[in-house]
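The next part holds the structures, each set out as structure tokens.
After this come two complexes, each holding chain A, first together with chain B and then together with chain C.
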Partner chain A sequence: MKNRWRKVLYENHDKPDNYIDETFLDDLKKNLYVRKYDLWTVIRESGVVTQQISCVCIFVLLFIYMKEDKISPQMLVAISLATTFVGYLFFCWLSASELRRSAWADLKSAGAFLTLSFGLSPILMTLTSTISTDTVYAMTVAMLLTNLLFHDYGANAAIVSQSLSLNAAIFSAVCLASRLPTRWHAFATLALALQIFALWPSLRICLKQKHWLNQCLTTLLLTVLSVVGMATISFTGAVLLALLHLFISFGCSTWLIALQPLKNNIHGPWDEAVISN
Partner chain B sequence: MEADEATSKICKVFVPSKCLNGDSGILLGLKAPGAMCVTSVLEIPRSNHWRSLYSRYKQTNHENCTCILGVWDNRVDSIQRNAEVNQCLRFAHDLQLPIVHLRKVNGAPQPQVSSCGALCDKDIVVVIYDIDTLANAVYLTDRSQVKSNLSLITNSFAVYKETRSEMLQWVKSKGLTLREFVSHQVPLASQLQNHVLRLFCWFFMNLSTFLSLLHRCVGSLNGYFVRLLLSLPACLAQVSHRYTEIRQLASRCLPFSKTRDTILRLKLKNAFWRHIVDIILGVAVMLWLTKDGRSALLAESAMTWAQVWTDHPKKKCTSKFCFKQNVASQLQELLHWMMGAPAGLKLNSELAHFLGKFFLYHIYVWTGNILIFHPGYLQFLRPFWSDAVWCIALSGCLGLSVQLSLVQDLLSMMTLHIYCFYVYAARLYHLQLSGLSSLWRLFRGKKWNSLRQRVDSVSYGVDQLFVGTLLFTILLFLLPTTLMFYSVFAALRSLVLLAQASCQLAVQIFNALPIYSAFLRVTRPDKLSGKNGVCFYHDFQQYLCLFQDDVLLYALQQAPGQPLYLAMQFVPACWTKLWDSSSPSNAAPSNSWRSLGSKLLRAIENRDQLIGIYAELLHKRVSREMETRHERQIVQSSKWQTYISSQPPKALAGSDRR
Partner chain C sequence: MIHNICMVSDFFYPNMGGVESHIFQLSQCLMERGHKVIIVTHCYGNRNGVRYLTNGLKVYYLPIYPFYNQCVLPTVFPTLPLIRFILLREKISIVHGHSSFSTLAHEAMFHARTMGIKAIFTDHSLFGFADGSSIITNKVLKYSLAGTNHVICVSHTSKENTVLRAAINPHKVSVIPNAIDGTIFTPDPSKRHPCRLRVIVMCRLVYRKGADLLAAIIPQICSQHPDVDFIIGGDGPKRIVIEEMRESHSLQDRVKLLGTVPHHQVRDVLVQGDFFLNTSLTEAFCIAIVEAVSCGLQVISTKVGGVPEVLPIDFIQLAPPSSKALVAALNAAIDLRRQEKHVDPLVAHQRVAKLYTWQNVAMRTEKVYNAMAEEPEIELRDRLLRYSQCGPVAGKIFIVIAVINYFFLIIVAYWSPAEHIDIATDFPHKLKSTPQRWTRSAAKRTK
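Take a look at the complex of A and B:
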């Protein structure tokens, strides 16, 4: 027993080269840094995706309402301005302690939005008038899907690009605006897009940071709103949308939890060094 | 390595063909490493003169010095002469003089050679040539091998010419005769031409001193302005180009009789005759134009062609120059067509209407409206127009090329509106394109980092993103309309530029036309050599064979102990070579259709550059065709070579033909 086998290459053990001792795999460890998921946390967090889908649905629904003259654009602009104002107050109240832009800078930005979109709305109205409606709708769908795909859901991945998702949404809004008859319609579409795709996500992040219950409440509210709105247009669509929401919130979450035991990460002395802290 | 060895073993003896018909004698000439050149034949002196002959013309290492090369032995002569020859040979053998002994075989014109002294171990190659054609020709060759052979010959005869009188004196004092191969009489025509050329050079040098004085006076005002004025209109550019070319050549050739550079002289003669022919053609065109008021008629019809509103709309133009439709009304039709849905394209009708109105107004400004007494550009031009055409006709005195350049200038004046259209459309399109490219980066959340010259990602604010995307969308959807306008106007402009470029190409070709060389090539093809300069012919088995370098000569030297006889003959220049030698070498940046396309696509506008590109592309096309034709000729001649070289070299001497 004086020449015990050791896992070093520079010593001669009088063993064949492919000899493996029973102590060879002693250092092997499995699933060291695996995150433990809790079903309800997963369901709650999946609300972000559901909310974004609901937002896209609400945007499209409001466009359809405008197209079918169920809602006047002036009315819509008034509502969105009012809700934006309320949301802004909320935002100020929630993030009062943190570092943020001054109210004057916000006012300037808002002025720029309003004047630019209102000034350009006559151009936007006729921009794609010679292009076929199907083409425009196809472009809109593609852009909204791009928005959903690249949206910042809080994951730290390479695919996430907040500017690309926002730009795609605005592009789709411009496309849709050119399908509507008057300049007020175009302006209302743009204002709506700005409110839903640019301003709402920042307020939502603030709400979520404040308390976890906010997240549940907003998810529920938006889901119900989108499903009910869809029901006024098409019942089948509403059922499908509700099923999609349920699938994402519960189906996908349960699926994720169910797949957890299959996780098999091995660790050992061969790993790269991990700098802890 | 082998080639060097081969050439070092060879000794070429250049013998003028005239030598072979004369009496026996002593060959005098110049010696160079590996080669000898016979310049004259001295009557064989009596034995008491041998010493002085030897002391005077013995072989030294010093170059450019006439010396004894060998003995020419014509056996047809009397027996006494043969005895003299044998005595000479013995004498040379005693002195260890390395000389060649050329012997004519009785009856046959083929000379025999036998070498003595240090030449014994060398392979003698006798090259027989015609001195009259070879010495008087101009060589356009660039092969060093050919050049070295030729320069030996020409140098030998130059040295001979210098020492001729001295030599004749010596020969006369000894009571001998000297046989020469070149006549020293200059023909009257070439003397006359030389005088005229000298006068021409002198005139141009004086003109250039006068002009430089003038230029100094004017240049003190503003050099840049003068340069711009000289380069902008094509006619002034042409005049100044012609003047500069001749002045440069004249200043290099002015000590005229001393210039030995035959190519330079050829260039000067080319320039001179080109100038003369240019002026003659120009005057002919001028006479044709001024006869029967043709210029006024031409001016009138050109005006009608360019204009929509004439003075008398009812009056129909009946002359054959009249065009039924004019440019302005066709342009208006085109614009109206583009304001609709051209070719079924889905354009932004508002923008198309706006742009169409904008351009229509330009045509209105261009033509004017005589009915409401609104003077347009063309109305303004009208009083001067027939005078301008008259000026074109008169400029024939300066030459046809200047006339053509003036036509080019007038064409650019007449199509100013198309140029304006193009510039507006190109600016708009370029602006839109650059805006779109930077906004596309913003769309993806990137930006151009000009410090690191790369695209970086950056986090934009919401307001920046909103404004950027809004503008991006608008520009993107308006792009097809702008692109359509741009491409239509670019096509129109390209047509105009092509017309101008063909004018300029004609002028350029005329500027490079080797008129004198072509004349020589037609009338005296033996005065101008081609790319290969000379070639060596050897006939065996009744095939003509072509050799250009000494390595091949060595390869032929198969039969031991037998010298090789070659006839050096002259290769007349091919036409493309004439062209190359006379055209000025300009290292312009190479342009291709692809670079032109990318320039057009990115709407980078530069008039002269574009004209230059078009002209060069046209020229390339022409010259490529000429080259392929020339290559086909070369391939045909090289077929001969390969066929000959596959034959086994035998029966070198003893052939009947020469």
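Take a look at the complex of A and C:
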């Protein structure tokens, strides 16, 4: 056939402008870049969310313990220094040596931080003390939720902001410090916040990269710690927390897998090209 | 059949670009064919009110200020009284909106449909489906196009894209390409450099136009061919990338950056070159490559969007969007040129200038207008039914908006009745002293 329709603009003068050829939408492709998920991988990876929620719970629990005098601030500082030291040794052992700063540099920044926050703890203690307790708690809740929302879970998304999540957590620590009686308390709260929200996540990432089993163990350890800790304060809270952990790990993972067949992503020549090299 | 047409878009002169010149040229050619055309846009700085352009083309610059990317704030209802007033005053029978980015175009078409005036829409751009902003824009487009009578797209790829985005019947979509003014874009081989080859690039220097690709190609070509130079017209955030490349490879004397080139000087830049390079990552039609061929240049372009449809293969070298492939295509074009096997500039001009003329675009658009004028008016009930098919939730919202607008129209009509609105006198076309370009057709009309 001579006058066959072609998908060009400089021919086809015999056809009407709204002509539809049988090749219409031939270049349409669906679900080109769909990732196949494996249920157990998704469940394992969901651990990063559970871990962070557990950390937030542990932080709040330790604050409550201090407030109820179940643990002395000196004790808490000692524990957190000891665990930080052990964690640091682990971190040195796990991370590639050429990427790391020298131990001396790390020691210097740790020393500077500890002296500064200890020196400033009387100010930190009174910084938000004039604000009513309800407001302080509401602010703490909002800030810890902000921390959860913007935390770097490993996703490459615009919402991820490590600095925002860390700052939110530190702010919540400053808020809480004012509800405790002594400067030692304020110092302990701040040191704890830094350990849990700044240092611990980077060690967790190292552990996760080393071996997948580490990820499972960390998740399990943190989950058990947070639920048991919660049980000492409120039984209902513990049950709810356990349910939340189960829902995130198993419920959401299965849900994601179940929704996968509904994916309908359209591709075609109209897509913005990606530069290939 | 003579129509009273109202072109609406946020984008118009003094803003310059593809959509703006499309509206202007199409309006001029439709006026030449005897139709009455007015243009409605928002105000630009102190350019506010009614202005007359070439051949008495009347432009309403509405006192609505742009808020983002030259578009007015989408408010839907408040524009109704003003647009109704203009449509009645000018006795408009067809409202023709341009560009899916233009909120004013969507609102005017929506009001026209509420008033029972036919609405036609021309889509100039391509959209993806994956990211958040396109999902929202596509939803708005779906609603807007559910009401319009007909859609015009500039290429077949653009038609496929629009049909998918707006979920409309493909029979309601016509493909009418863009055009160029063949009397302006003429070749002039005497302006070329006698012993060096020049590659022209003419685009805004932004990511979507492939400025990064450009920065990767230039050093490779310059090192392979000591007699090839680059001239880059256009400005944008990626200009710094090109400048850095030029510094680091010491190509200051071989890569010339002109900055933004005014549209009337584009031809003078084009004729200085032998090749035209287009590195766009997405393009619905790409008028620039047609202008380049019309000026006698050999075109090398990325194979994206509607670009492969535009030119016959002997005028264009297509390559996938990677620097390696583009370098290979440019090399092939340079080899052809050295062997004197390239298409003669005059032959290229004669073929392309005949393919894409505004007169042809106007004639084909007029066919769409005629078909629409004969189409029976859609009843309000059917219109609402169409909106409800836009989605289980969005459909309901759309119906509510349409009904509110309908009631608002009744209130406005009671408040300022149609018979109290003065009818504008038409521009006295027969008395005008016709400029050179229009004499031939004017003579034809009087015969």
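The criterion applied here is as follows: the second predicted complex is superposed on the first by the 272 of 277 C-alpha atoms of A that agree within 3 Å, B and C clash if a C-alpha of one lies under 4 Å from a C-alpha of the other, contacts with A are read in each partner's own complex, and residues count from 1 in each chain.
Just so we're on the same page, contacts are C-beta pairs under 8 Å (C-beta built on N, C-alpha and C of every residue); 3 or more make two chains touch, one makes a residue touch a chain.
Everything numeric here is computed off the predicted structure, so don't read it as measured data.
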Chain A as common anchor, with chain B and chain C clashing or fitting: fit
Spatial angle chain C-chain A-chain B, Cα centroids [nearest 10 degrees]: 60
First (chain B), second (chain C), both or neither touched by A:I170: first
Touching partner for A:S117 - first (chain B), second (chain C), both, neither: first
Which superposed partner A:E272 touches (first chain B, second chain C, both, neither): second
Touched partner set for A:S102, first chain B, second chain C, both or neither: neither
Which superposed partner A:N156 touches (first chain B, second chain C, both, neither): neither
Superposition-derived minimum Cα distance between chain C and chain B (Å): 14
Residues on chain A engaged by chain C in the complex (per definition of touch): 7-10, 16-18, 20, 24-25, 27-28, 265-277
Residues on chain C engaged by chain A in the complex (per definition of touch): 126-130, 155-158, 160-161, 163-164, 170-177, 208, 210, 212-213, 281-282, 284-285, 302, 304-306, 308-312, 320-324, 355-356, 364, 367-368
In the complex, chain B residues that touch chain A: 341, 346-350, 442-445, 459-463, 465-470, 472-474, 477-478
Residue ranges of chain A in contact with chain B within the complex: 109, 112-113, 116-117, 120, 123-124, 126-132, 161-164, 166-167, 170-171, 174-175, 190, 194, 198-199
